[in-house]
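Read from first to last, the chains carry the letters A, B, C, D, E, F, G, H, I and J; within each, the first residue is number 1.
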Amino acid sequence: MLAMVQMNVRIPLDFDKQEAERLKTHEKQRFQELQRAGKWRHIWRVVGRYANVSIFDVESNSELHDILTSLPLYPFMEMEVTPLCRHPSSLHEDDR
Amino acid sequence: MLAMVQMNVRIPLDFDKQEAERLKTHEKQRFQELQRAGKWRHIWRVVGRYANVSIFDVESNSELHDILTSLPLYPFMEMEVTPLCRHPSSLHEDDR
Amino acid sequence: MLAMVQMNVRIPLDFDKQEAERLKTHEKQRFQELQRAGKWRHIWRVVGRYANVSIFDVESNSELHDILTSLPLYPFMEMEVTPLCRHPSSLHEDDR
Amino acid sequence: MLAMVQMNVRIPLDFDKQEAERLKTHEKQRFQELQRAGKWRHIWRVVGRYANVSIFDVESNSELHDILTSLPLYPFMEMEVTPLCRHPSSLHEDDR
Amino acid sequence: MLAMVQMNVRIPLDFDKQEAERLKTHEKQRFQELQRAGKWRHIWRVVGRYANVSIFDVESNSELHDILTSLPLYPFMEMEVTPLCRHPSSLHEDDR
Amino acid sequence: MLAMVQMNVRIPLDFDKQEAERLKTHEKQRFQELQRAGKWRHIWRVVGRYANVSIFDVESNSELHDILTSLPLYPFMEMEVTPLCRHPSSLHEDDR
Amino acid sequence: MLAMVQMNVRIPLDFDKQEAERLKTHEKQRFQELQRAGKWRHIWRVVGRYANVSIFDVESNSELHDILTSLPLYPFMEMEVTPLCRHPSSLHEDDR
Amino acid sequence: MLAMVQMNVRIPLDFDKQEAERLKTHEKQRFQELQRAGKWRHIWRVVGRYANVSIFDVESNSELHDILTSLPLYPFMEMEVTPLCRHPSSLHEDDR
Amino acid sequence: MLAMVQMNVRIPLDFDKQEAERLKTHEKQRFQELQRAGKWRHIWRVVGRYANVSIFDVESNSELHDILTSLPLYPFMEMEVTPLCRHPSSLHEDDR
Amino acid sequence: MLAMVQMNVRIPLDFDKQEAERLKTHEKQRFQELQRAGKWRHIWRVVGRYANVSIFDVESNSELHDILTSLPLYPFMEMEVTPLCRHPSSLHEDDR
């Protein structure tokens, strides 16, 4: 099941810098774990913003919800989820 | 140079059906040509809508503009272009 | 896989009345077929508008896309799809 | 009387964690009480967000107002209420 | 059951003038019938626009839906329905 | 002179509870004074929100401005003012 | 009674040019009549658009409604009305 | 050079009352100075809000920018600037 | 006097192709005339859209209004005008 | 590669004044460095707001992202990036 997730991160100006760094490190570890597992298929940065466009490939909506809401930076994120499906014209196997 | 392009297609209800089919066939050919050339990196359908989310990888903004505005269905499309760049945490080579 | 679909119908004022009735009859038949199959789980009318709120329970995003885009009234509809999942507090089995 | 209520919860980052847990537990109890009473007919989670889509079946607008504004998490919620009615095509008795 | 309905009327510039007058006359008759029956409690014009703010007092959402969608000018209207309830501070009996 | 005023109240979560109660009591007194004077013609609650829809009948825009900005809860309110006038079809004297 | 009215004019591309000129001439006559009468106090063009910002000074909302809806170009206009009142700091008599 | 400036003032609830009064007094002085100089041509209050609609007549955009950003209440204001020009139909000399 | 103008062009699908080409040729001539005169200082295309971002440097708002509304493609354009002024940090003479 | 960047700056009212001045000085130095390098091609102030419209000419989206996110005032800015390309009608070499 494919979905695009657009994530915007807003960490308050007065949030503890060290704690923020710790959360970002955890976020990166979790992200790479999910990338290796094939769940978090793609990620790109949005130019000029602390934001990304991501493509997920998961078993179910519940799995996606659990993945997203347990991200270390989740409390600082606004998320928009767009359900996608394979485009019949695509020649690429991995645009499934 | 990476960019996300969100395309929405609106063909008027009274538009000639045969002409529409002819344009869709050309659109598909042009799309696959660009996909094979590595310019149109990804495409996914947006569930429930005549719309797609696409990722382009081009030499320049001008090349992207020329590709998009010469699509056979361009006169029926609304497009939103979001400039992207590689995410430093990504382990995938092709999320460049 | 659960999703809320909000459908708004706009049939142009000058559209052929008989053809509109024919399409509405087909829409109703197709709807009831999908309701019996358990795919179109719920439907409610939005007060004062030619619109509905529906809950779908399907195998995949692709199945949902195929169902929605093949509805007889689809060319006259604007759709908004919101992916849902079971709420852990719910006591009802069928809010799965 | 049927209504869809879309609830978004925003608990401030610096809100006391224990108090938040206490309120969530009360919210769940109150929700299940109302679900058993048949007032809160359905609830689903919105994927990736601390939000739900709910269907209420109440005696009157006043009853709905009292139910919603006395929820333990009400001070942290934004609510959008959409009045619904039974769809004449529905075969399901409980889409009343 | 109380509701505010905000109605905006847009009759196309090229719509037949006589037919428009006929519909407006029917609209007025139907309005006054509903006003006398106590269903359409209040109506006010919005300054500078072909629009009104109305208060309805009906038995159910279904009754409101049937009233609104059978108005002679309904095909030309956009409607926004806001569910209301009596304000506990009001001293007026008829703000029920 | 008639106007609809839509008032939304937002009292910050950490605002002193006793002071809030004191302001609400004053607000109610002031409201009923204005209702008795015939200035604040109608008030209804918006279901599920700390908000109301009100109809004012005043001598002038200046009088309305003075009434609204001197309400005890004014500093916590967002207001939208829509100028209205009597609808010529209305049979009710008091929809003046 | 003071009000700002923002008027946007949209005459369809295929509207009869002569009829449009005739309406514009009538509009100008009616405008100057109202300006001389002191009702239409000010008018300014919005740069780059077929639009104006106007200040009216009328007896009542009803008078304003009648003036606006009887303008020759009214069927082609979108209007936004903002009720104003004299600013207490103003030294100018005619900002009443 | 004419411009409409719409100013909305938001002073935080916990801002020092005396300091706010001091700033408002300075704002009024500065306003009247500019009004006398013919720069701040008109000002009106927006009913029910701490906001105004103003017309400026200045030498240049830079002069307008300097005037607006040096207002004592500027840090609490949101401003929207709309460039205007004389309307050719106006009979009033001072709508220049 | 500097201003940014964002122009979006929408030529209807069924508009005469030859007439459109004729208007585009005139538009280009007029543009280059204004560019040579130093009035139309800059122009850039917006990627993927029939739109541009332009910078004008004119004597007055009236001059800008006359230039914009007399463009051959003006009837097909939506324009947004943003008044600008020189940035004090700029080292470039021509960012005046 | 050309892009328009619209930057809005919001420094909280209670932010340390000296630190703000220090950041603004650094911002100006960094800006002029980038202007001299030909990366930050143009900058203009938006009248009445702490905001600018800028044109960048960079090697890649990644370079633009690095430039923008490392600006001293970046944590206080909201940015909107619009990809541009040379307009074929332009006679100016530097509108490349």
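One rule holds for everything that comes next: a residue touches a chain if its C-beta (ideal position, glycine included) is under 8 Å from a C-beta of that chain, and two chains touch if they have at least 3 such contacts.
According to UniProt, the chain labels map to these proteins: A, B, C, D, E, F, G, H, I, J = Muconolactone Delta-isomerase.
Only a predicted model underlies this, so the values are computations on that prediction, with no experimental measurement involved.
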What is the set of chains touching both chain A (Muconolactone Delta-isomerase) and chain J (Muconolactone Delta-isomerase)? B
Enter the angle, 0 to 180° in steps of 5, of the rotation superposing CA atoms of chain D (Muconolactone Delta-isomerase) on those of chain I (Muconolactone Delta-isomerase). 180
Cα-centroid distance, chain E (Muconolactone Delta-isomerase) relative to chain J (Muconolactone Delta-isomerase), in whole angstrom: 51
Averaging only over C-alpha atoms, locate the centres of chain F (Muconolactone Delta-isomerase) and chain G (Muconolactone Delta-isomerase) and give their separation in whole Å. 29
Length of the line joining the C-alpha centres of chain B (Muconolactone Delta-isomerase) and chain G (Muconolactone Delta-isomerase), rounded to whole Å: 45
Compute the distance, rounded to whole Å, between the mean C-alpha positions of chain C (Muconolactone Delta-isomerase) and chain F (Muconolactone Delta-isomerase). 40
Quick check on chain I (Muconolactone Delta-isomerase): which residues sit in contact with 2+ other chains? 2-3, 45, 47, 61, 64-65, 81, 83-86
Classify the chain contact graph as line, ring, star, complete or other. other
Chain pairs that touch, as defined at the top of this document: A-B, A-C, A-D, A-J, B-C, B-I, B-J, C-D, C-E, D-E, D-F, E-F, E-G, F-G, F-H, G-H, G-I, H-I, H-J, I-J
Considering the complex alone, what residue numbers of chain B (Muconolactone Delta-isomerase) touch chain C (Muconolactone Delta-isomerase)? 13, 45, 47-50
In their shared complex, at which residues does chain I (Muconolactone Delta-isomerase) touch chain H (Muconolactone Delta-isomerase)? 1-3, 60-62, 64-65, 81, 83-86
Of all residues in chain G (Muconolactone Delta-isomerase), which touch chain E (Muconolactone Delta-isomerase) in the complex? 3, 5, 12, 15, 61, 64-65, 68-69, 75-76, 79-81
Sort out for me which residues of chain D (Muconolactone Delta-isomerase) touch chain C (Muconolactone Delta-isomerase) in the complex. 2, 4, 28, 31-32, 35-36, 42-47, 52-53, 55, 82-87, 89-92, 95
